[in-house]
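The structure appears below as structure tokens.
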């Protein structure tokens, strides 16, 4: 969805407020939100789905909330949904219990998004010119608005990764090649003042088409 | 500037709240804001400049304010500026007085934006294919983000009009041809479901380039 | 124990009803402006009341409805209206601020026009009066350009897939007015009766003209 | 009579300091979540405390600094780091959630790399810990992609026009870490001393590594 979270290129938020001595957590509740979010993440589906919950927060709430407030809203939305499902299914007692050993393993070993199944052979090679598709899906996507319909160059091939646009909606991981794509600042913003500046963004193969098609 | 006011294509604001029996004014203060805004408009420069004041309202304030609240903020910002200038120049007593006959004439006859000076000969003709420039000025522009760098067709030639991008900043009216430009829904949004749908938007000649350049 | 956590309005920017206190605050801010302008001799109280009066009583969608009804009845007027709307509307005595450069868009069985100003809230004041709230709200301004058919559905207007939708984003000083289709079986209606069928919504393009034979029961 | 009207913050979304009352409200909401999760047996209080402890004490920019300092001292490690950052960082004992797919970007006198996540706030937790507030705020996320040089100036970093700026928007699960330039005249510094020069900001790319000979007076 084209939501306020997709804010690359907006210039209406003023200067960066940099505080050198900022604490990791300002309040105890922030630390708890972090701990609960990490601890319960396996309850609420893949990361892509959990990101999409944040994207659906109303614009004013999104902008006026701090980061951990948005996370708190996500937890509340997700738990409201989960309890509603459980009540409906009358499985009140059957909430999954989180195993600390498993969780600790995930924290230190991660949950990689690369896959050995799916499309393993990249269509594009480093140096290829591509154009991003101009798509405006109503659901989750990681094709930021500011790089839609723009021409760029394949800079790296990251291997085959789970595809957020389907994974977020329970439509399968649809694993496919992921690329780092380079765009010139001029292509994205029309600026000619710094002709050598570039922006790199990671894009899945389904977002791209060969330039001359 | 790329501000929240330029919201075409966002899909995060929910459904339209349509109230058939909505009054013209909900409260007396709204009517006063309308009257003051219309009455004092000649004090605060051209319409383009006054629009730009609205664009500079902070994003949260912009979104959470009703229309007349935004107009109230604009009046406050404009009067803060005007009084600051007058204090600096020590011309406290020399505020311009609004003449009702002149104002009434403007209300019923308008303040047209077409001009007999400037560039009178359009470069483009009806049916021509154009591409909009991809510009991201820090000041006022009427080239909405969602039509930047897109291909369209000249649909109408509106004549020569004052150019907002310069007029808003005291850089002259730079009068030039204004066009109604047609874009297919597919070109703008990539949708193919309604291949015949179109969007028309009024764009000044300096926003456009011939398609094959 | 309750298992309902804090609820969130996920998808709307609701311009909430203001509290008494907020309205008092807004009223006070406006009064301060007014007092200043009057004390400095910039405007008089009379002048402000005269302006308010014009916009309250003189301008409104009735003006536009008269233009549309006449176009339905008078083919030569309709032609003038489509050729040079500013001039043809002036013929009827309407014009002025926010109506300096008018264009009229004709709806047909296969073409549906709808108007927006995505960047602010430009609107043809002389023929439609001041814009309704929804026209100025983010939901309409942002979505009509990308999902016009969905938005029209929210107004109760379901268009066939075969109809071409034309969205007009008024980004300059040109103002657009939609000439809706004349309702069927109104051949015998006089101009005055037809005026009553032409709603503001029909002239923005989010509705059709009223069907005088339609009953909700 | 005052001629100062209501003031408005024109250009910022300031995450304002929360009032005592707001913090109490947030705390209460979090406690409700916590209580529910514990009562349902989903998590224990111990488990939550252990997780909080990991992120408070185990992860942080010191990990990244150790990686960078070693790369400065050990050319073969630097090569491995640039070839396969995930593996080379794992060598040092760091890895896990939000660091599954690492890429290291080398700054040089003519190339300056800077990292953002414009769509949310993706950040390499195992090497940098949790992200600072500014990294997650709209001002940084929206502007670094369009006006990187202006934003870097706000951090006190003025780049020559001849330097190529490379902005990396981490839109996938690949996480980027900047390898800053080693400060001049630090040939005799041991790895442990070098670690102290590598700030979080330098590894995001909004600053250079600390110059040990720079004095503010």
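Order as written gives the chain letters A, B, C and D; numbering starts at 1 within each chain.
We take it that a residue touches a chain if its C-beta (ideal position, glycine included) is under 8 Å from a C-beta of that chain, and two chains touch if they have at least 3 such contacts.
This is a predicted model, so every value here is computed, not measured.
Engineer: Please indicate which chain is farthest from subunit C, where distance is taken between mean Cα coordinates of the chains.
Structural biologist: So the farthest one, by centre of C-alpha atoms, is D.
Engineer: Tell me which of B-D and B-C has more C-beta pairs in contact.
Structural biologist: Between the chain pairs B-D and B-C, B-C carries more contacts.
Engineer: I'd like to verify one number: the distance from the centre of subunit A to the centre of subunit B, where each centre is the average of its C-alpha atoms, in whole angstrom.
Structural biologist: 34
Engineer: Quick one: subunit B and subunit D, Cα centre-to-centre, how many Å?
Structural biologist: 39
Engineer: So how far apart, in whole Å, are subunit C and subunit D when each is placed at the average of its C-alpha atoms?
Structural biologist: Computed value for the inter-centroid distance: 49 Å.
Engineer: Between subunit B and subunit C, what distance separates the C-alpha centroids? Give it in angstrom.
Structural biologist: Centre-to-centre distance between subunit B and subunit C: 17 Å.
Engineer: Give me the residues of subunit A that touch two or more other chains.
Structural biologist: 2, 9-14, 58-60, 63-64, 75-76, 79, 136, 188-189
Engineer: Considering subunit C alone, which of its residues make contact with at least two other chains?
Structural biologist: As it turns out, subunit C has residues touching two or more other chains at 3, 5-6, 11-13, 29, 33, 36, 138, 146.
Engineer: Taking touching chains as linked, do they make an open path (line), a single closed cycle (ring), a hub with spokes (star), an all-linked set (complete), or other?
Structural biologist: complete
Engineer: Given the complex with subunit C, which residues does subunit B contribute to the contact?
Structural biologist: It comes out as residues 5-19, 22, 24-25, 27-29, 31-36, 38-40, 43, 47, 51, 54, 63-67, 69, 72, 75-76, 79, 95-98, 100, 103-104, 106-114, 142-144, 146, 156, 158, 161, 164, 178, 180, 185, 188-189, 194, 196-204.
Engineer: In their complex, what parts of subunit D are in touch with subunit C?
Structural biologist: For this pair, the touching residues of subunit D are 1, 3, 5-6, 29, 32-33, 35-36, 39.
Engineer: Which part of subunit B faces subunit D closely enough to touch in the complex?
Structural biologist: Spelled out, the residues of subunit B in touch with subunit D are 2, 56-61, 73, 75-77, 79-80, 83, 87, 136.
Engineer: Considering the complex alone, what residue numbers of subunit D touch subunit B?
Structural biologist: 3-13, 138, 146
Engineer: Please output the residues of subunit A touching subunit B within their complex, sorted ascending.
Structural biologist: Residues of subunit A touching subunit B: 1-4, 9-14, 55, 58-60, 63-64, 133-136, 138, 145, 148-150, 187-191.
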